[in-house]
Amino acid sequence: MSLALIAALPFLGALLPGLMIRAGKNACAMVTGSVTALALLMLGLNAPAVLRGEVVQTRIEWIPSLGLNANFFLDGLGLLFAGLILGIGLLIILYARFYLAKSDPMGQFYTYLMLFQGAMVGIVLSDNILLLLVFWELTSLSSFLLIGYWKHLPEGRQGARMALTVTGGGGLAMIAGMLILGNIVGSYDLSVILENKDAIQSSDWYLPALILILLGAFTKSAQFPFHFWLPHAMAAPTPVSAYLHSATMVKAGLFLMARMWPVLSGTPEWFYIVATTGLITMVMAAKIALFKDDLKALLAFSTVSHLGLITMLLGFGTPAAATVAVFHIINHATFKAALFMSAGIVDHEAHTRDLKRLGGLRTLMPITFTIVTIASLSMAGIPPLNGFLSKELMLESASQTAWMANPWLLGALATIGALFSVAYSFRFIAHAFLGPVRTDYPSKPHDPGFGLWAAPALLAGLVILIGLFPMVTAAWLVNAAASAVTGEVVSVKITHWHGLYAPALWMSLAAVGGGLLLMGLHPRLMALWIATPRPEAKRIFDGIVEPFAALAGRIANTLHDGALTRYIAIGTLAIAAASYYAFDTGSHAVGTRDLMPVHPVPVLGWLALVLATVAIVIYHRQRLLTLVLVGIVGLMVSVSFAYFSAPDLALTQISVEVATIILMLLALNFLPKATPMESSPVRRTWDGAIAVIAGVGIAALAYALMTRDQAFSPISEYHITNSKPGGGGTNIVNVILVDFRGYDTFGEIIVLGIAALVIFALTEALLRAGPANDRLLAWRPDQRRAGDRHPMMLVVATRVMLPIALMVGVFIFLRGHNEPGGGFIAGLIVAIALIMQYMASGFAWTAARQKVDYHALIACGVLIAAATGIGAWFNGLPFLTSAFGYVTLWPLETFELATAALFDLGVFLTVLGAVMLALASLSRIGLRAGETINVQPFDIDPSEGRTLNSGEVR
Amino acid sequence: MMYHWISVPVLLPAIMGAAIVLLMRNDLLLQRVFSLAAALGLLAVSIALLVAASNEGPEIYMLGDWPAPFGIVLVLDRLSAMMVTLTAVLAVAVLLYTIGSGWDTRGRHFHALFQFQLMGICGAFLTGDAFNLFVFFEVLLIASYGLMIHSGGKDRLRAGVQYVAFNLVGSSLFLFALAAIYSITGTLNIADLAVKAAELPQGDAALFRVAAVMLMMVFAIKGALVPLQFWLPGTYSNAPGPVAALFAVMTKIGAYAVIRFGVIVLPPGHPVTGTLISDLMLPAALLTLIIGALGILGATTLSRLAAFAAVASMGTAFIAISAFTPASTAAALYYMVHSTLAGAALFLIADLVTYRRAHDGLHQALPPIAQAGLISALFMTSAIATAGMPPLSGFIGKLLVLDALRDQAALVWSVILVTSLITIVGFARAGSSLFWKAHASAPEGDGATHPAQALSFVAVGTLLAGLVALTVFAGPVIAWIEVTAASLFDPAAYIAANQLPEVK
Amino acid sequence: MTLIVEYILAALLVFGGIFGLVGSFGLLKLPQMLQRLHAPTKATTLGVGSALIASMAYFWFFEGRLSWHELMITLFLFLTAPITANFIAKAQLHREINKEDLPPTGVGTEWATYDPEVQAVSPILLDDRDPG
Amino acid sequence: MLRRLFPHPLLSMLLFATWILLVNQIKVGSVVMALILATIIPMLTAPYWPNRPPLKRVPAFGAYVLLVMWDIIKANIEVAKIVLFMPNADIRSGWLAIPIDLKTPEAITILAGTITMTPGTVTSDMSSCGRVLLIHALHAPDPDAVITDIKTRYEARLKRIFE
Amino acid sequence: MEALVASAIGMMTAAGVYLMLRQRTFPVIVGLTLLTYAVNVFIFTSGRLATNMPAIYGEGAPGYADPLPQALVLTAIVISFGMTAVIVMMALGAFLESGHDKVDMNDDDTPVDGGPR
Amino acid sequence: MILHYALDFAFLCFGLGLAMNLYRVFRAPGVTDRILALDTMVINVLTLIVLYGMRTKSGVNFEAALLFAMTGFVSTVAYCKFVLRGDIIE
């Protein structure tokens, strides 16, 4: 449990600063610090066991099926890193308290910092590589927040994005690598994986896994060629740079390589990839650092260089080298953090980090100077400081390792790297602190308060202590960690003197001498450096990301530019292609069903249908004509339903068709009456081709299906047998609609109801103040209007026809269950009858004389249908179970009562209400467009011999 | 034994919708109260159904007391129960947001349409009949048309016309497919279809394959699978925020239907369809993911970014589905649940931002918005979830998918991981230009002009909490889902539940 | 008896057929639109009428059930034909014919189709009430 | 009372007959239903037929209907001859303006309808005062004859029936 | 006869698709209507063709046409009626709001980078 | 028997009529002609339905015929009113 708690504490701690900041900055820092301290304490409690060589473990099941569990373990390596993370974290919290300006939101800062801390601790304590991945990406995210902490700095934002992109990307690669590793071993638990060196290294997937995992490590640890993000991350506040970019995050990559060292190292692939990368990074970064004037940039590249050094050591694959790596990790953490904080102090005091504007601070800031000197000398590898010890050992193992059978190459390059680092270390001291005191500092510098220099001073102290008494202060930790890395018991012998014959001695001397020489030549070299053009990381990065983002945007937005016609064209082709592929790859037997004979009159109907369809395509730009032709198509479709023994369909189709056309005419009144010729002949041909493909495909499918028998007897046989006995109706279609599949019908009437509601709501939206409303108010009829809006003949005729039509509606409704008809058709017939009345005397006039709430009509229809269905519950039967019986009621003859009829009533009401509500909405649009309401049913009064209804036109 | 309760997820919203129209269409307060009550009721019922489905096997509800396959049956199994519950959770959150943000005051009939939308969605999840599935698709579609153009406006209406037109094509295709299926097999009941499709004569194979592909492409339209995804960005980015959030579950209906039919009726190794479906689906799914990721990176508005995120999430889901193994299906289901909540949250947050920013564009430097801190935190969280970054459920979901598709590791893993990177970069760019650049561009704007909208934040919080729960309890959740997936791949129980008569 | 009926029905059918054909033929043959309007409004109506009567009688005699629906249809057609004709004529006047080519009403007023004054108009504007 | 129950008695009768025609049977049940509907429907549609046409002589109206029937048959034969046998060049089509004395809309409508259904004439329009009908004659060598024929043969009768 | 029906379905489908590829809302809607007709007839044919066998009980009926597809077509007709009504209104609304009836939105007046809300 | 031939003759006549209407729909000087042709077409079609009913001795489609008459009338008036006024129901 305790390990999980150590990892969890920082996360829990992350919640506090946001609150505690209300109690002031000190309280905030105090609380944050104490949480870290507590975690450190708990770690300490586990230390003895670890140092005894035990491994502390905590296992919590999270996602067993995935093998992702909250398993933690603590060994030497973990102890070392956890110690560094929490220890330096504590110092950073202290430092940041005094570093941050009043305006900076400190609560936020500490929250992010603790999130990061937790993620780091999680990484180093994870016993499950998937869990490790979780923390790994969390460090990328939290560092994104920390680097971008100063929101107003564009370089901050870009640096944050760059860091996230590079390290996050590496993390993703690592996910793949880890999954492969897990697949090879069969477990994602580190402790298991570490047991399976042979299985892993013998697998074909070893190299991919290695590369992917190293991608993660290299990006995180800013190894060449991924080193470029680190300097840009320096836009972050100095505490962040000190913490993430010297002590901890950038070491996560090293940690991972060390962690995986037992199973991944020892192969030529490992050696050449890791060692070479490390070497290149070390030398190149050190050289660049020499020419950076910005203190933080200088330190950043020096960090990269030292990370390279450690990487190289791990790459050697020998226990000895690995041990040195571990030792240098410790040393680097101490002196580099100290230097970063000092740089921050200089920046904080002098308001600049530019070496060109500094110098002579020695007398003004003696304390800072002392700290910097100690740390820099250690960085330069000057005895007796700790940097010297690890550098000696490094040069030692470099000199003993051959690269491509070349015994001295590594040693030489390592020496050059060391030489550069001597140079830039001295330069830091010289150009910032030595020389005459200047008068032109942006702000008069002096040593800060204790709070700010305490942390670096402490680290500087460590630098000396470790330097002087390595065996006492560091060996035990190195041993523990190195043993954990190498998997064999290590006990190091760290001495300052390796004897005259140790090549390291001479290499160091060469490095120091050369370094001093470089210092001397620096001005000239600087000129040369500035003269020589170099690739600028940021520009390259942006040169990749920005165009890619632009390209991505172009692709996505061009594809989805709102060209519906293209969407449909592509969709149609895709469907056709896929369907054809499906057919082509399957076996097909031609249908054997005997065909139906052809009679002349049906052929005539077919001709009418086809001609009308063709005409629609030809004349589709004349919209009214198109509607007339659609009328013909509808007529022919419905008559063919009648011919093919589907009377219900014929009735429905013809009435729906009329309703549709009237709706379209109503809309067309406001739309343009003609469609302009817009598409090019090419486009039209192309569209035509697509249309033909679709048409031919569907026709072929229809023919193929029609000409064969069903593979199994259709379920409708059951409907045919049970319609009367079970459903109480002789019109099987209607019984299916209201009984067997009444649930479909229930959904269907709701669709109609919704349609009406949508139309109503849309109308409301259109009639609100806005462009649409303005257009309507300004609307002028685009076609000449005849007088005599309500011709007398129609009005009078309607007075007789409306009642008859209503009667027909009732008739069709009542007989629906047994003969063609039913609620839906009846509803439409009544609707059409009313439409007739509206055309005669106008909607508003009619509606004004017969107040009907169409909303209520729809809702009641739905509710009646639902209630009828639910009624069955009370007989313990499922929804929509119908009941019917035969009632004799003197003097009437026996007749049938069926719940189906009630259900059908619901259908009837909904349909009627829906059509009416739609018409009402359109009529309101007409009124808004200047139509007026008549006060008389028709416009001419023969009895008076004058025109009625005339008043001022609106 | 839930019996009648199985029909409630459909009937409750249907009746409530009608009641709202009949009794309270002119009183917004009443509408809000009853709409929310109904949603909560739906949630309660769906949880009860979920429990029942987990404890007992699949259960059917014979509407009209007609036996399958002759009548229409509802089928309650783990999958349908899960989807209905997901819908209910989403519905509650979206309703809270709608009320909080006052979206329902900007047009008529929001709540009625919302209830009918829920009815359609639940109906689609529960039905055991292919044609009835069509009917409920239409119910939820037409309701969605209304919600999509809620409160009108030029672009919204034009996008609405496109949305309707494209989906009408889809509906036509659906009918072609169903007619073909009936024409070949003579049945519409899904279980019966499963039984009969397996015994289909060789001569019918080709035509049945055509029907199957057409059917799957209908679902692909709903699920926004390339090359049928074009409708989505325009629609979602122009829809009102809460509506777009509700739509997060609509794409899942396509995925659900693909699983339902692909696993039960056309399982891999089917004598007639074989691997036809997965062969076609995998490349399409990969393309979908890629296009979605590119869209996220290249998005010019926040709502379009969210829309493309939806596309990408469907790509990931379909990649998992296309493998048609229990493991991959489980991964798909988990990912679907996650991406529904995450996508919805993202759309709601986008609406929070857009509403305060008064501008939808991502690259316009505008003064900081009110409540920027809170909103940016919410955005960050949902971005992490959507991009599949640790620690939230998106990461777990992606791990599951990667793990389930280790056979096609080289191709699938690289696509998924690379697109993840693109997505991360996209979100990072968007977030920093929305919440950081603003501080550079102008002084703090005053939040006074914008109400705090507590309910809206509660809604977003609910969804994000859902994601956290999905992460913390990933173990049990995934275990449950794995059982669900396994049961899908052993359809015997499902078919048995339908109590089909002996085929003569 | 039945034979006679048969002959009567046959005659009715032939008669109806001829007139139905004449109606449609007139639609092709006659040169002016308004002339063409005459053909269907009369001939077809009668043709259809007699065919329907024939059918009615047929079911009465040979199927033993009297179906009145044909009668309904006939009545309906006779009721609507004049209205249809009137509307088509008005449409034609409005679209193709200038009022100068028409005889004056002789009472000083316009023909209604040409008279803008003949527009049902109310002084009140109730366009904001909600009919739904 | 009765006025409100049966706003248009003739209409109610017509509807009663219609229902019987529709259901195709004369049983008690259908008669009862017919009565119910014949009562309810006119009540529902009454607002659209505010005034009650003064139909004075019902038998005369019956006679008129028969007369028109007969004329229709004649008219059709006339038209058929013209359509089939008369060369288009010889067809003397033309417009006639017929001033009418009828005042009831119903009567005028019936007249207009009659004109349309009978020899070669179609009622095309009406003067905005409602006092003159615009007639198109398919073949009217002697327009005045047509006018007088219409006024004497139909309008006079209708005037007696309605006014 | 089957060939005639199939070809008619094909014709209506082709015409429908062609019109749906036009650039104004009105032809697109007409195209959808035609497509709907095609679909309805297609569903209808899934019960195969039969004349003079309406699915209504009657003594001595030679047999019954498959009633199920008929019921399905009825449902389809009703639903597509509702859909058509909605899209017609939306097209009208879009026209009134934007002043034109173009279908495609890749035109000047719809900026893809959002705009004031 | 004779009745059979008479029926055939009637079929022929109304079928031919239908064909003529069709021709008129496509080759017409104006939209009014087309409306007229469509109206006549409806009437011919419903007659054919009734004749078909006689041939098959079934009245099952008579309601359809009746409805054709009704809808034909309504749609004709609608077309005309659109030509006359644009707004057909206000």
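Worth pointing out:
The chains carry the letters A, B, C, D, E and F, assigned in the order they are written, with residues numbered from 1 in each.
Following the convention adopted for this analysis, contacts are C-beta pairs under 8 Å (C-beta built on N, C-alpha and C of every residue); 3 or more make two chains touch, one makes a residue touch a chain.
Computed from a prediction, not measured in an experiment: that's the story for all the values here.
Fewest steps needed to get from chain B to chain C, stepping only to touching chains, is 2. The most distant chain from chain A is D, comparing centres defined as mean Cα coordinates. Note: centroid distance chain D to chain F, computed from Cα atoms, is 23 Å. Between the Cα centres of chain A and chain D there is a gap of 74 Å.
Centroid to centroid, with C-alpha atoms defining each point, chain B and chain D lie 63 Å apart. Residue positions of chain A touching 2 or more other chains: 557, 562, 564, 566, 568, 572, 627, 643, 645, 647, 668, 698, 705-706, 714-716, 719, 740-741, 744, 748, 751, 754-755, 758, 760, 762, 765-766, 770-772, 785-789, 791, 793-794, 797, 800, 804, 808, 819-820, 842, 844, 855, 921-923, 927, 933, 938-940, 947. Counting partner chains per residue, chain E has residues 20, 25, 28, 38, 42, 45-46, 51-52, 54, 56, 68-69, 72, 75, 79, 82-83, 86, 90-91, 93, 97-98, 103, 105, 110, 112 touching two or more of them.
In chain B, the residues that reach two or more other chains under the touch definition are 131, 135, 138, 142, 145-146, 149, 152-154, 157-159, 161-162, 165, 169, 176, 179-180, 182-183, 188, 234, 300. Taken chain by chain, the contacts fit none of the simple shapes, being neither an open path, a ring, a star, nor a full set of pairwise contacts. Chains touching one another form the pairs A-B, A-C, A-D, A-E, A-F, B-E, C-D, C-F, E-F. Residues 18-19, 22, 25-26, 29-32, 34-35, 37-39, 41-43, 45-46, 65-69, 71-72, 78, 81-83, 85-86, 89-90, 92-93, 101-107, 109-113, 115, 117-118 of chain C are the ones touching chain D in the complex. Touching chain F in their complex are the following residues of chain A: 600-601, 604-605, 607-608, 611-612, 615, 624-625, 627-629, 631-632, 635, 638-639, 642-643, 645, 647, 650-651, 654-655, 657-658, 661-662, 665-666, 668-669, 781-783, 785-786, 789, 794, 805, 808, 812, 819-821, 825, 829, 832-833, 835-836, 838-839, 842-844, 919, 922-923, 926-927, 931, 933. Chain contact summary for the complex, chain D toward chain C: residues 18, 20-22, 24, 72-73, 75-76, 79-80, 83-84, 88, 91, 93, 95-97, 99, 112-117, 120, 122-129, 131-132, 134, 136, 138. On the side of chain A, the complex with chain E involves touching residues 557, 561-566, 568-569, 572, 593, 595-598, 602-603, 606, 609-610, 613-614, 616-617, 620-621, 623, 626-627, 630, 633-634, 637, 640-641, 643-649, 652-653, 656, 659-660, 663-664, 667-668, 670-672, 675-676, 678-679, 687-688, 690-692, 694-696, 698-700, 702-703, 705-707, 714-716, 719-720, 723-724, 730-733, 736-737, 740-741, 744-745, 748-749, 751-752, 754-756, 758-759, 762-763, 765-766, 770-772, 775-776, 818-820, 824, 911, 914, 918, 921-922, 925.
Interface of chain E with chain B (complex): residues 20, 25, 28, 32, 35-36, 38-39, 42-43, 45-46, 68-69, 72, 75-76, 79-80, 82-83, 86-87, 90-91, 93-94, 97-98, 103, 105, 109-110, 112-117.
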